[in-house]
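Below you'll find the structure I mean.
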Amino acid sequence: MSRLTKLVLDVLKPHQPNSLDFARLLAESAEGMVVHLEMVEMDEKTHSLRLTFTGEHLDFEAIEKAIDEQGASLHSIDVVEYRTTE
Amino acid sequence: MSRLTKLVLDVLKPHQPNSLDFARLLAESAEGMVVHLEMVEMDEKTHSLRLTFTGEHLDFEAIEKAIDEQGASLHSIDVVEYRTTE
Amino acid sequence: MSRLTKLVLDVLKPHQPNSLDFARLLAESAEGMVVHLEMVEMDEKTHSLRLTFTGEHLDFEAIEKAIDEQGASLHSIDVVEYRTTE
Amino acid sequence: MSRLTKLVLDVLKPHQPNSLDFARLLAESAEGMVVHLEMVEMDEKTHSLRLTFTGEHLDFEAIEKAIDEQGASLHSIDVVEYRTTE
Amino acid sequence: MSRLTKLVLDVLKPHQPNSLDFARLLAESAEGMVVHLEMVEMDEKTHSLRLTFTGEHLDFEAIEKAIDEQGASLHSIDVVEYRTTE
Amino acid sequence: MSRLTKLVLDVLKPHQPNSLDFARLLAESAEGMVVHLEMVEMDEKTHSLRLTFTGEHLDFEAIEKAIDEQGASLHSIDVVEYRTTE
Amino acid sequence: MSRLTKLVLDVLKPHQPNSLDFARLLAESAEGMVVHLEMVEMDEKTHSLRLTFTGEHLDFEAIEKAIDEQGASLHSIDVVEYRTTE
């Protein structure tokens, strides 16, 4: 059985909600997770963000759903880390 | 339940209060917090600052209020970190 | 007796499956392994990936087989680490 | 209650006292403190210094007073760190 | 009595055997050793490799013999580390 | 009471004594000290050295005297660290 | 009493003995020592080496003698570290 333990996503977000609320809503999409949001670029309409998720059992569907619900879009999956135990 | 544990803000501050008093007033806006202020740029009227807040339960509203009360302005939210426990 | 403990591969992958599913299927090819996938370059048809495998007893044949089964191709073996015990 | 735990100052000092005596006099302005002095630039009349103070309860007024008493001037406050406990 | 504990070699290898088998055969030339192989450059006929060996009692002759047996050639000895005990 | 715990000096030394003897004579000027000498530049007549002294109670006068006695000259004091205890 | 605990030498060596034998012979010149040899440059006749010696009581005369005996020459003393105890 493999567990998703790290995920780095490149996400494009409208100005609202702000980065604070956006990160909180993503965090609340699952338990046992750290959500680290970094503002990469800011232009008139959008924020380009680098989102790093770490945890023991990340739930990608829940994260993807939360991103969509905020009107943001997943631009690319940059890093994925899976672990399988003996 | 998610907790705000790290916040990096880009803030523009008038010369008064000085950086020392400004950081102290921000720190006193909540308990269990480290406020790290870095002077990025200094011009005739304003100081451009990079403020890093770390703690177990950061209170963004209290921080934002304290920034306003000192006549400073929040330019952008650069890093946000939320944690949710199992 | 020598054990394969680290492997870094340069792999070319079609857009489907996405990086998440690709990494998961590779991870499930063997037990006791960490699969770290990094997107190096993305063009119209393919993703160029840097895959780092770490574990106590990596199984190269199983990894190579899993890569082929996803329609991806092994471009080069960049790092190999073997350990032999006294 | 907040505590000042780190302070980085940009200070301009005449050649006398030398950097050694200057750092010692600053250190003796308060207890429980590390004073780290770095020579940034040296010209005919002055030394431009980067002073880092770390401790559990730094006393800015005492530091500022000690700087003045040596005939040096505080050019800018570059880093300030305050901590508040739960 | 001195012990060879680290060795970094610049080695030129034909495409066959591949880097995986090459590293495994080198590792099996002696016990208690880590063999770390890094692909430096790949051209039509050869792979230029940086090989790092670490262990408590490395056996250079055995390593050199294993390199020859695979049809590869030792280009240069880049790092050598010996330890002598009190 | 403040203690001098770190000192970095820029020193100009004639070719004799060599760097080894020079560092040893400086070390023997006081107890409980580490003297780290780095050759920065070597020209026909002099060696330009970066000397780092660390210890619990460095004695600057003894160090300065030992430098003079070897016919070397103190070019600048680059780093000074003092500690005061609660 | 001061102890020589680190030494970095710039040494020029003929091609024979090779770097492996050269480092071993240097290591055997004294006990309780780590000899770390790095090839800096290789030309038709000589190898330019950076030799780092670490230990509790390095013996410079023994090292210098061993270098001479191998037909190599000490180009410069780059780093020296002495320790004196309380």
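We just call them A, B, C, D, E, F and G in the order they show up, numbering each chain from 1.
Throughout what follows, a residue touches a chain if its C-beta (ideal position, glycine included) is under 8 Å from a C-beta of that chain, and two chains touch if they have at least 3 such contacts.
Computed from a predicted model, the values in this text were never measured in an experiment.
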Target subunit G, source subunit C, minimum contact steps: 2
Distance between the centres, which are taken as Cα means, of subunit F and subunit A, whole angstrom: 53
Separation of subunit E from subunit F, taking each centre as the mean of its C-alpha atoms, in whole Å: 42
Sites on subunit A at which at least two other chains make contact: none
Pairwise touch network: line, ring, star, complete, or other: ring
Order of the ring members, counted from subunit C so that subunit E is second: C, E, G, F, D, B, A
Subunit F contact footprint on subunit G (complex, rising order): 2, 4, 6-7, 60, 76-86
Touch list for subunit D against partner subunit F, complex: 18-20, 22-24, 26-28, 30-39, 42, 56
